[in-house]
Amino acid sequence: MEDGVTATQVVFWILAVVMLISAIGVVTAGNIVYAALFFIASLAGVAGIYLILTVEFIALVQLLIYGSAVVILILFALMLTRARERPQALFGRSRPLGIAASLGLLAALIGGIVATTWTTPESSAAIQPVGLQAIGDAIFTIWIVPFIIVGVLLSIALDGAIMLASPDEDDN
Amino acid sequence: MDLEYQLIIPEFVMAGLAVVVIAAALMFRNVDQKWFGYATAAALGIIALATAIAYWNTNDDFGNVLAVDHFTVLFRVFFLGIAFFTVIAAVQFAGERLKNHAEFYGLIVFATLGMMLLAASRELLTAYLSLELLSFSFYILVGFNKLNPFSNEGSLKYMLLGAFSSALMLYGISLIYGVTGTTLYSGIEPDGVAAGRNIADQLASFAGLGGGVDPEGARPGLLIGLVLITAGLGFKISAVPFHQWTPDAYQGAPLPITAFLSAGGKAAAFAFFLRLFSEAFLPAANEWVWFVGILAAVTMIVGNLMALQQTNFKRLMAYSSISQVGYLLVGIVALNAANVSQSQDAASALVLHLIGYVTTNIAVFAAIIAFYNRTGRDDIVDLRGLAERQPFLAFAIAAALFSLAGMPLFAGFATKFIIFQAAFNNGFLWLGAIGVTASFVSLYYYLMVIKQMYLYEPEGSDRARFHVSRPLAGALVVLVAGVLFIGLYPTPLFDVIHSSTEGLFEQAAALSASVVGQ
Amino acid sequence: MPALEHILVVNAVLFAIGAMGVLTRRNAVLILLSVELMLNAVSLNMVAFAVYGHVDFGNITGIVFAFFIIVIAAAEVALALGIVVRTFRNRATANVDEVNLLKW
Amino acid sequence: MDAGEALLLLLLIPGGTMLLTLFVPSRHANVVRWISLIATTATLIDSIWIFAVYDFAEGGYQFDLQYPWIENIAFLGENGISLHLAVDGIAAPLVLLNGLVGFAGVLVSWKITHRVKDFFILFLALFTGVYGVYIGQDLFFWFFAYELAVLPMYLLIVIWGSTNKEYGAMKLTMVLVGGSVLIFVGIFAVFAEAGAGTFDMAVLREVNFGRSFANTFFPFFMIGCGILAGLFPFHTWSPDGHVAAPTAVSMLHAGVLMKLGAFGVIRLGMEILPAGTDFWMPVLLVLGGVAAVYGAISAIHQTDLKFVIGYSSVSHMGFVLMGLGTMNNIGVNGAVLQMFSHGVMTALFFAMVGGLYDQAHTRDIRVFGGLVRKMPLFVIFFGIAGLTSLGLPGLSGFVAEFHIFVGAIDKFPLFAALGILSAALTAIYVLRLMGRAALGPFNPRWESLKEISRWEIAAAIVLIAPIIAMGVWPDPFIDRIAQSVADLPQVEQIGGLFTLSSLTGG
C-alpha cells in the first residue's frame, strides 16, 4: 500500500506503542495491582486498534467485557487472595529460560510474518467497514452452532465458578 | 440457509440431560444420590443406542460446521460409552467422597457433549469452542474435590496451562485463517460455500493440485500456523514437551475423573486431531509430517522413561497415557498426502488403537476405583497382595496393563501391530522401531505393578478379602471382555472404523482422482 | 490504514509478551492476565485478517471469531478466578509454585 | 493330507479349556486339575495323530488351514493377516514334543496347592502359545503366539517360583521380550521389503529377498530368536529363570520354550531370508559351539541341581545352534533331533528334580548321597535322563548328537572337536552328579525321604518312552525331518538323504 503516512497510521502506531508498553508492564510489574492497571491500559489500546480497523462492534465488546467485567473480576480476586502481601514472589525460578523461549517465539513469528506474502486488497479504499447487521446475521445463521456452544460454555463456567468458590460447611 | 436440526438431536438431548440431571439432583436432595448416577448412566446408554440406530446411515452436514457422517456417529457412540462406564464406576466413589453430585454428573454429561461436538466439527471456530466446552468441564471436574488441596492444585495448573495452550492454538488458527482465508476444513458439501473456499482446497496448491493460494509465498505463515496448532493440540493430548500438567491433573483429580480425562479427553482431542489433519491439512502433509513425527518419538521416549520412576499409581498412569499418545501420534504421521487409501488405513489404525487404549484404560481405572473405594489409597505399593484380597480386580488390572504394554491376547497387541505397520508402510521405519522399543520398556513398569499384586502378601491392618459392588464388577467384566475381544478378533470393529474414516478422505480422494484424470 | 504486516508484527510482539508472562510469572492471577494478553493478540490478528485479507470473499469469519474469543476469555477468567479463590481458601497462596504438593 | 482341523484343535482345546477354567470356582481345585489333564491328554493324542499321519513321503507343509483375520486394509492384500496353520516335517516332532511335555507338566503340577486355578490357566496359555509358534504360518500369529508363550512365564515364576524368583522372572521376561523387539522390527522389514501385502509365510518364502537386505535383517531374527534358544552371550536369563521357576514351568521352559528360539531361526531366518545364511550361519555355529562348551563348564561348577540342568540346557541348545550353523542336511537334521531329544530329556530332569526338592527342600548336590536306598525309581529315571544327556548310544541323545557331529565334521572339523569336548564335559558332570547324589555314601539326614509320587512316575514314563523309542528306532523321526530339511533353501546335501539308519544299515 503506497498511501504515504496517514493520520490513521500515526494513531495506530501511538496506540500500538502504548499497548505494547503496558503489556510489558503487565508481565514485569513488581506489584499485582500495578499489573492489573497496566492490563487495563493495554486493553484500551487494543480497543483503539479495533476502532482503527473499523470494527466498532468488537471494540465495544472489548470495552464492555474486558474493560468492565473482567477487570472488576480480577480486582476482586486480588482483594480476596490478598496477593499484595507477597510482592517478592512474583517471578518463577526459570525466568531467564522463559524470557529466552518467548524471544525465540517472537523471532519465529516475526520472521514468518515478514516472509509470508499475505493476500491484501490493492488499496485501503477497498476495505469496507463491516456493519453490525452483517455480524448479527452471520452469528445467527452460519455461526448458530458456535453461538449455542458459547451459551452452554458460559453457563458451565458460571456454575463451576460458583460451585468452586462458594464456601463449604467444612471450610474453616 | 436451511439448517437441518434433526441432525444434531443427540447433542440437544445431551444438553437437556445435563440440565435435567443438575435440576433433579438439586430438587430432590433427600433421594440417595446414587440413583442420579445410575439414571444418568442409563440415559447415556439409551442415547448411545438410539444414536447408533438412527444416524448410522446418515452422511450429511449441519450448516457446514458440523459433519454428521460415520466418523461422527462412531465417536458419538464411543464417547457416550466412555461416559457410561465412567459414571457407573463413579457412583460409589462420588457417594462416599464427593459433594455436589448434581454438578458432578451434569458436568460429565456436558464434557461428553463437548467431545461429541468436537468429533463432528469441521470448522475451526466450532472445533475450538467444542474443545473449550470439554476443557472447561474438565477444569471444574479436576478440581471437584474442593476441600482437597491436591485437587485444587491439579485444577489450577491444568486450567492455566490449558488456557495457555488454547492461546497458542488460536494464534495458529488465526495464521491458517490468514493464509487460506477460511476456517472450513473441506468442501464436500455441494451446496455449501463456493468452490475453493476451504482449507483443504487452498492447501492443495502446495501439493501442486491446483487451488487458491500462492504456494511459495504463503508457506512460512502456514508452517508457523501448523506448528502452533500442533503445539496447542500437543497440550490437550499431553504430548511431550507439553505434558507437564498431565501428572498433576491426573493425581489431583478424583479417580473417576482421572479415568474420564485419560479416556474421553484424549479420545476427543484425537478425534479432532485426526479430522483436522486428514480433512483440512492432508494436502500439506509434507509440511507437518516431520515435526509430528519428532513429537511422537519424543513423547514415546520421555513418557516411558518418566513412567519408570513413578510411585503413585495415578502418576504412573499419567505417564503411561503420555506414552500411549506417542503411539497414537504415529498414526497421524502415517497419513500421506499422495496416497489416500494408505492415509485412510493410518486413520483407521489410529482409531482402532484409540478404542483399544480407551477400553483398556477405563478397565484399569474402574478396577483401581473399586480398590480405592475400599482402601482410600492409590500408591503402587498399596496394591500389595491384591491378588489375595480380590483376585478378580488383580486379574483385571493385570490384563489391562499387559494390554497397555502391547502383549498378545489383549487389545494392545493387535492395535499396536497395525498402527506401527502403518508407520512402517509410510517409510517411518525409525519411528516404528522407537515405538516397539518404547513399548518394550513400558512392559517393565507395568510388570512392577503386577509384581506388587501377585508377588507379595497383603500388608497393613486391612488384609481381608472384599467385595466389589455389582454394577462396577459388571462393568469391569464387560470392559475386560472388550479388551480380550479387540485383542483376538478386531476385524468387525476395524471394518466399522474403516467405513467411518472414509468420509475424512472424500475430498482428498476426489482431488487425487481429478489429478489422475488430467 | 496501517499495513497488514505492521498490525501482524505488533500482534506477534503482544503475543510473545503474553507468552513471556506465562513462562516467567508464578502468581496465578498474573499468569491469567498474560494469557489474556495472548488472546487479545489473537483476536486482533483475526480481525485484521478479516478486514484486510479477504474482503473480496465477503466473509466476516475473523470478526465473529474475535467476538467469540473475547466471550470465552471472560468465561475463562471467571472460572480461573473461582479456582484461584478456592485454592487460596485451602492453602492461603495464589502462587502456582507455592502450591507444590505436586511437582510443578 | 488336509485335515487342518487337527491343528486348529491344538489351539482350541487348551485355549477353550483356559476359558472354561475361568468359570470354575477356585475352591474346586481338583476339578481344575482334571479338566487340565483331560485337555492335555486330548492334545497329546491329537499331537501323536498328527505326527503319525504326517505324510513324510510327500514332505512339505501339510494340514494346511487358513482363515482370514483382517483383510480390507489397503496395504494388506487379500489375505493380509490370516490364521494360517500348517506343519512340516520339522514342526511335526516338535508338536509331539509339546504334547508330551505339556501332559507330563500337568501330572507333576498335581501337587501344587497354592492358587491352583490361576496356575493351570497360565500353564495352558503358555502351552497354547507354544503350539501356535510350531504350527503358525502367518507372521502376525506366529509373533502373537511367540509372545503369548513368553508372557505367562512371568506370573508363573513370580507366584509359584522359588529361589530369587523376583529377579529371575524379571530378567527372563525383559530379555525375552527384548529379543522379540528385534523379531518385530525384522517382521516389519520383511513385510515392507516383500511388498506382497501379506504376512503369510507361505507367500513370503517364495519372495526372493536381496542379499544385502537379507544380510541386514537376518541377525534380527537370528539374535531375536537366538536369545530364546540361549544364544551365547545372551543365555544368562535361562539358568536364572530355570532356578526360579516351579517344576512344571521349568519343564516347559527348557523342554519346549527354548526350542522356540531355534525353531524361529529355521522358520524366519533360514526359510524366509536364505540369502543371509551364508554370511551369518558361521557366526551361529561359533556361538553355538562356545555355548556348548561354556554351558558344560559352567554346569560342572554348579552345586544347585537346577543350575546344573539349566547350564546343561544352555550347552545342549548350543549343540542345536551348532547343528543349524553347519547348513548341511545332516547337521540340521541333528539339530532338529536334538531339539526333540533335549526337550523330553530335560523335562524328565526337571520333573525329577522337582520331585526331590518338594521333599528335601534343597537342591544342593553336596548334601545328597545314596538316594538310591530311599528312592530307587527316582534314581533310575534321573539316571536315564543323565545318560541321554551325555549321549549314550541307544538313547535319543546319541542319535541327535551324532548327526550334529557328522554334519560339523564335514564343514568345520575344529568345531566338531569342540562339540565332542563338550560332550565329554557333559559326561563329567552327569556322572559326578549320579555318583555323588544317587550312589555315594548314604546321608542319614535323608532317612525320611520317600519315593517320588505316582504322578511323577507317570510323567517320567511318558517322557522316557520317546527317549528310548528314538534311541532304538529313530527312523520315524528322521524320515519326517530329513525330507523337510532337504527342502530348506541353502542347505547343502551331503551323502544324499544321509541318516543314521543308512549308516547302521538299519
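The first chain written gets the first letter, and so on, giving A, B, C and D; residue counts start at 1 in each chain.
Everything that follows uses one rule, which is that a residue touches a chain if its C-beta (ideal position, glycine included) is under 8 Å from a C-beta of that chain, and two chains touch if they have at least 3 such contacts.
This is a predicted model, so every value here is computed, not measured.
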Which of A-B and B-C has more C-beta pairs touching across its chains: B-C
Separation of mean Cα positions, chain B and chain A [Å, integer]: 30
Distance between the centres, which are taken as Cα means, of chain C and chain B, whole angstrom: 25
Separation of chain A from chain D, taking each centre as the mean of its C-alpha atoms, in whole Å: 70
Computed distance of Cα centres, chain D from chain C, in Å: 65
Residues of chain A touching at least two other chains: 109, 113, 118-119, 143, 146, 150, 153, 157, 160, 163-164, 171
Of all residues in chain B, the ones touching two or more other chains: 125, 129, 132, 136, 139-140, 143, 146-147, 175, 178, 181
For chain D, residues contacting two or more additional chains: none
Those chain pairs that satisfy the touch definition: A-B, A-C, B-C, B-D
Chain B contact footprint on chain A (complex, rising order): 108-109, 111-113, 115-119, 141-146, 149-150, 152-153, 156-157, 159-160, 163-164, 168, 170-171
Residues of chain D that touch chain B when the two form their complex: 26, 69-75, 115, 118, 125, 129, 140, 143-145, 147-148, 151, 154-155, 158-159, 165-166, 170, 173-174, 177-178, 180-181, 184-185, 188-189, 191-192
Touching residues on chain B, where the partner in the complex is chain A: 1, 3, 8, 15, 22, 62-66, 99-100, 103, 106-107, 110, 113, 117, 125-126, 129-130, 132-133, 136-137, 139-140, 143, 146-147, 175, 178-179, 181, 213-214, 217-224
Of all residues in chain B, those that touch chain C in their complex: 125, 129, 132, 136, 139-140, 143, 146-150, 152-157, 159-160, 163-164, 166-168, 170-171, 173-175, 177-178, 181-183, 197, 244, 247-248, 251-252
Residue ranges of chain A touching chain C (in the complex, touch as defined): 1, 3, 6, 8-9, 12-13, 16, 19-20, 23-24, 26-27, 32, 35-36, 39, 42-43, 46, 49-50, 52-55, 57-58, 61-62, 65-66, 69-70, 73-74, 76-78, 80-81, 83, 86, 89-95, 97-99, 101-103, 105-106, 109-110, 113-114, 118-121, 124, 126-128, 130, 134-135, 138-139, 143, 146, 150, 153-154, 157-158, 160-165, 167, 171
